[in-house]
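Quick one: the structure is below, questions incoming.
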Amino acid sequence: MNTNLALLLLLAPLLGFLFNIFFGKNIGKTASGVVGTLTVAVSFIATLVFFLQINETKEAVEIDLFNWMRTNNFRVNFGLLLDQLSILWLLFVTGIGSLIHLYSISYMHDDENMHKFFAYLNLFVFFMITLVIGSNLLVLFIGWEGVGLCSYLLIGFWHKNQEYNDAAKKAFIMNRIGDLGLLIGIFIIGSLFSTLDYTTLKTAIASSSNLDLSMISLAAFALFIGACGKSAQIPLYTWLPDAMAGPTPVSALIHAATMVTAGIFMITRLNFVFDLAPEIQNIIAIIGAVTSLVAATIALVQTDIKKVLAYSTVSQLGLMFLALGFGAYEVAVFHVITHAFFKACLFLGSGSVIHALHGEQDMRRMGGLKKVMGITFITFLISSLAISGIPPFSGFFSKDEILMTAFQHNVVLWGIASLASLMTAFYMFRLLYLTFYKDFRGTEHQKSHLHESPSLITFPLIVLAILAAVGGLISLPTNSWLNGYLAPLFSKEVHEAHHFGTQEYTLMAIAVIGGLVGIGIAFAKYIKQNQIPAEDAEITGIAKVLYNKYYVDEIYDAIFVNSINALSRFFRDYIETALSAFVFGLGKVTNEISYQGKKLQTGSIGFYLFVFVLGLCSIVTYLFLAQ
Amino acid sequence: MNVSLLLIILLVGAFATYFAGDKLASRVALLFSLVAFGISIALLNAYNAGANINFFKFWINKPAISYSLTADGLSLIMLLLTTALTPLIIYSSFGNEYKNAKSFYALILFMSFAMAGTFLASDGLLYYIFWELSLIPIYFIALIWGNGDTEERKKAVVKFFIYTLAGSLFMLIAFVYLYQKAGSFLIADLYNVKLSRVEQFWIFWAFFLAYAIKIPIIPFHTWQAKVYQKAPTVGTMLLSGIMLKMGLYSVLRWQIPITPIASKTYLPILIGFGIAGVIYGSIVALRQKDLKKLLAYSSLAHVGLIAAGCYSLNSDGLRGAVLQMLAHGFVVVGLFFAAEIIYRRFETRTIADMGGIRTQAPKFASLFMILVLASVALPTTFNFVGEFTVLYSLAQINLWFALLGGTTIILSAYYMLKMYQQVMLGETNTKVFADVTLHETLVLVIIVAVIFIFGLYPRPINELITPALDQIVRTLYKIQ
Amino acid sequence: MNTLIAIIGLGVLCLLFEIFDARKAIIPIAVIGLLAILGLDISEYNAAPAFYYNNMIVVGKYSTTFSALFIILTIFLVSLGHKFYENRPTKLSDFIAIKIFLLAGAVAMVSFGNLAMFFLGIEVLSIALYVLASSNRTSIKSNEAGLKYFLMGSFASGIILFGICLIYGAMGTFDITEISELSRSAELPIWFPIGIVLLFIGMLFKIAAVPFHFWAPDVYEGSPSLTTALMSTLAKVVAIATLYKLVKTMNADISPSFQLVIVIVSIASMTVGNIMALRQINVKRMLAFSGISHAGFMLMTLLSTAKSSGTLLYYTSAYALAGIAAFSVILYVCKTRENEDITNFHGLGKNNPLMAAVLTASLLSMAGIPIFGGFFAKLFLFTQTIQAGFIALVIVAVINSIISVGYYFKLILAMYTKEPNEAKIPASKVYLAVAIIAIALNIAMGLCPSFVLDLL
Amino acid sequence: MTNILNEIGIENYIFLSVILFCIGVFGVLYRRNAIIVFMSIEIMLNAVNLLFVAFSTYHQDAQGQVFVFFSMAVAAAEVAVGLAILVSIFRNLGSIDINNLKNLKG
């Protein structure tokens, strides 16, 4: 029963994908969209069933499908593990997934290759499920690379535009850099414990007395590199903003809600490994904090609505890593969930805006949409409040827990994180004001066509907005259902809702005030003085640096891409030619000798006989006179 | 069941094809190659049923040379690769018109006969003879039916021939020397012959020269790209799909077990060679203007990894190497066929002249994409299984090997996706690109099917080859 | 012995046919006669070694097998003559007769039991060759070839004669069995080894080994093609076989310094031969140089005379058969051309695939590619030489065979990649037949080498 | 009968014929007229013949002298052929200077 249900849960999206690839074109756009949505919905329902089951039985379901690969010291089964963590992840992956599918039916309706779009989306969901549900690291790796592939396909969905293709390629390759790290980690773990199975691994670590800690922390580091790739942390974050080239639903699903959280999932999965490597955990925390700040600063000045959201995603992910770094996995997970809600909502909202403006993404050409796009505005507002950490919205609780944990461990990082979240509040409301307030700055033509998006678009917005609003309830500071639910995963006792004292309250207050300050500044700038961001040419000073993302892309190009291309050219033009010239040279030399040798063959009998006698004499001399 | 029947069929097939005349040649060749495939399947069943497949007959008594064939798991799998790819390759060529087709297809069958023999022979000299024989047909295929400027092609092909022959002649010396030590060319006796360190080193390098040129391992690869480019695609497929596997197979079958001490001593150097090949090949592939050359260099990179696996001398590495050989065999054939498909329509191999094909030929685009993904070893493809195992075995030896070798994951993604983008994507091409025909689709689909089936369920292959490989590893560590 | 007599008889018969004006019949009769003689010769193979005319002639396995080889080659050469001399009918009988007498000389050379017989044999062979070389009276080239060959040949004969003389002076006998017994005895006058060396050098000239090789390319090029074929196959094989017999019988234990001389000469021959051949445009010249390099290979057998006679037989037969096949194609191609330049072979692959295939096969055989006889010849040679402990020599030999591929393939490329530069000429049945039979024998040798190898 | 070698040692004969032989060789090397080259070769052969006779007396054994007849006959045959060749060359070239014979080379 379990097996079949699990298979259904896993394979439904795959079936959807196959169906859409092969027959999607024939059955018409809407139909293919419906198929895509339904298949994901099916998985969602299956997940719900499992969720209820697990929630009462409290014990994980493990299913081995078939034996996949082997090495000398371990076999790898294609196995599924449905425990609290994976179920939780599946819930929002499939849940939000189906919502976004629904949204896409309307959003992509004008695209000729809609069936392909849904096929890819389904494929993505399938791989995401594989990633989450796999019972060992290698199955996770399948999903890991699979989602990378789908993000490649979807970012480059409009493949006639080579810039989009470049973005897609960049995403895939940067992910691959991370994947190499992940692989190395897998190798180390495999050779250390000769298993890749989570459960056996956990017991092995727990039981074994003398662990090679240095190797383990090396493995932890390698895995973390992998996580950096997927979850867009410094130094591998630059692909995520470019990934906005894809259709907005893709950005919402893959690059905000689900795929980018894979890194956090993996680290949480392997918490027992990371717990053994405190120094690596510190690195994670620092990287996370720095990433969140850097991304936030960049987001301050971006004018492309999706770019802002992208950077805010990076910065939020940074916060999650901060939490992970402190071993507060449940906190990170909590923020992942709330973030999934409000960020998905924000993206879809921006999508709805873009949809209304026929593809306009520059906030300097927007404004005043509040009147026409009521629902979008409301939902957008709610989510913005949530992300800015304003009570009682979900973001408040999750972010607050992160900050609190940070404060307990390291004040500096806490400061950085708070600063980041202040900025978050600022740029989110900057976005909000520039988009919805004041009056419209676009062309007349656009203005005439302004309209609220159809219900297929607004419905997901509303649902997500509600979730974004109330999502915090699952883990209230005083009694956290989530912590209890996740408890069995973690080796060390989850510090159960620490008694709430003045310190906590002050921290909370500081956070909230920070948020409000951010909003205030934004209000002053863009409502009171109603500024509008300068055109690209006029941007100057620090703003220019920020606007150009600290020139990181350029630096990377200069250091890595160009150098490797130069190297390639060098190899091609010099080394290759030199090598083959050498080989040909051997032939040429002999040929030349032959050519010179021909001159010896003078044709003169006298000379021939002379050489004859010479040879005779030399032989005789050698044999008889030399002795 | 007599194993030499397989060889006979292929040989007879070659003649039959020649006498069938240009009209029927291709079909006859296909028929015979399919029969050969069937036979090798039958052999496989027999082997799994526990029969030990060998054939022994004295041939020359002074020096003692015997016509002796033996098939263990390793030989069988290579045999299957050969006999499975041959019909596929022949079938893939159905779209083309070849002048003097009868000789063309006859040569193909003859080559596959020689290669099959190489994989089966268990007598050093017989093996050497097959090894050399396989060189003649490909030489003529590339020379006569090749493309591009004749003079340039001549240079490339002759260089290839002389270069490879040079390598293998040194192997011949090694064999003769071994004979004079062991008094026999039989592989079993060669395994047991006692060699001093110095002797081993000389013999080892003599073998290495032959194999390094054939595989090719850098810096002995200079013949490869040009020949791949100039040869007709069928020839390129035979070369890259099967023939270079001969070199790798020989490393496992002959070089390592005969000279264990030397192999162990040189292990790091050789793995270094392999990995250098990986990085070098990938980087050179980045900036190739010609599609076939690009694929050639990518093949160089992958083969480098396989070689590293072979020389890692632990059964993981060996297994991974073999798996990767098979996977690479199929994928590279597929890729070259894709190049051929494009050539049939655009009559160019210059990447710059392509692009914007995907919109015109979605089917082809998807199949090509899958091949590309396979060659970058995406999980669930056959290549991943092999690459993972090899890299894992390298990690066992030294993490740096795994790390450097692992760069293939990044670099291959880089150049393959770059290639795919330039070839397939972008604004719709002005020239018309008809989508793949039925038989083209069939070929590609078969390859794709193999890639996925064994990518998800490599177990049968593992079970087939593991005993043989363990045997090799044992011979390797028996003599200390 | 009977073989020898029969051959001479046949020669005379050919001359008689001229008198009775039955030219048509000459070649068929000659061929049939030779076949009969071949049978006779083979019948003597198993008989115990026989001595005739107080050891003037010794008929043993060695002589019979090699005689058989010579006879076969002569059969081929004679039948090639059918086409080659078609426009000089009046001379036909002479040419055939000369060839057969030449064969008599050859047989005498391998079955000599006495230096006098050896000298006579070698002179009969040489003089016949001088005649054949310059047989094309009107052509200056032919004359020049004849004169060069004659002058240098008789010079070499002088050396040989001097050598014989010194040996006789030392031993007081011409009988080689006695000489070899005496040579084992205690102190020998210095001029005995000198005599041996002079003899050896004279023979080196005959097999065209460096540095006594200069005549070969010129003479090969100048002589009529059929004569060239004869020189490069029969004459060379005879010379090496005789040299081998001399070295083997006269001083069984070769001194190391003498071995060194052999090694150096062999290395020099193969290297010079191969390298010089690379840039030749005249095919006959090219084959002359390739012949020089093969002489170098054959000399390797002298390093292990104890048991290498089989190898020598195999190598010579493989080489000679390939040569015959190659030359019959060359005769066919260059029949109507004035020279034998490679350009004449352009597009042969299109014009006459069969002939092209045969030539390719024979070249591959000379290059030593499996499964042609040439490969096994080299293989056995290397095996033996390595067992004799000359691994360095073998490595040089291998490098040389790599070089040799260079020029053999130049010809193959010309046949298959160039466009034909004139319309195809119909192939004569005889050329085709000879070519195919020769190469078939060569391949057969490759498929079951033991048959030839174990004759000796 | 008295052996003449008792008065004059065998070595002297050897030296004599060696000298003769060398004269012949040098003649071959330095003269350019084909006829004279012939003659030089003949000198070589005759030097050898002389030595044969000497040795045969030295060994008290007739074989050597018999051999001399062989070699004379052979020499005669050679000269016959050689002169024939020369004649045809003279017909074609109008000269018998071997320096003119350099068409075949390279």
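Letters A, B, C and D name the chains as they come in the text, with residue numbers starting at 1 for each one.
In the analysis below, contacts are C-beta pairs under 8 Å (C-beta built on N, C-alpha and C of every residue); 3 or more make two chains touch, one makes a residue touch a chain.
Chains and their UniProt names: D = NADH-quinone oxidoreductase subunit K.
The shown structure was predicted, so the numbers you read here are calculated from the model rather than taken from an experiment.
Chains making contact with chain C as well as with chain D: A. Centrality by Cα centroid goes to chain B. With A-B and A-D as the two chain pairs, more C-beta contacts join A-B.
If you average the Cα atoms of chain A and of chain B, the two centres end up 37 Å apart. As a whole-number value, the distance joining the C-alpha centres of chain A and chain D reads 99 Å. Averaging C-alpha coordinates per chain places the centre of chain B 67 Å away from that of chain D. Chain A and chain C, compared by their mean Cα positions, are separated by 79 Å.
Residues of chain A in contact with two or more other chains: 587, 598, 601, 603, 605, 609.
Counting partners per residue, chain D has 28, 98, 101, 103-106 as the residues that reach two or more other chains.
Shared contact sites, meaning residues of chain B that touch two or more other chains, fall at 162.
A complete list of chain pairs in contact reads A-B, A-C, A-D, B-C, C-D. Within the complex formed with chain D, the residues of chain C that make contact are 116, 119-120, 123, 127, 130-131, 134, 137-138, 140-141, 143-148, 150-151, 154-155, 157-158, 161-162, 164-166, 168-169, 172-174, 191, 217-219, 221-222, 285. Against chain D, the residues of chain A that register as touching in their complex are 598-599, 601-606, 609-610, 613.
Interface of chain D with chain C (complex): residues 10, 14, 21, 24, 28, 34, 37, 41, 44-45, 47-48, 51-52, 54-56, 58-59, 61, 63-64, 66-67, 70-71, 74, 77-78, 81-82, 85-86, 88-89, 92-93, 98, 101, 103-106. The residues of chain C lying in touch with chain B in their complex are 310, 349, 364, 369-371, 375-376, 379-380, 382-383, 386-387, 391, 394-395, 398, 401-402, 405-406, 409, 413, 416-417, 448-450, 453-454. Residue ranges of chain D in contact with chain A, taken from their complex: 25, 28-30, 32, 98-99, 101-106.
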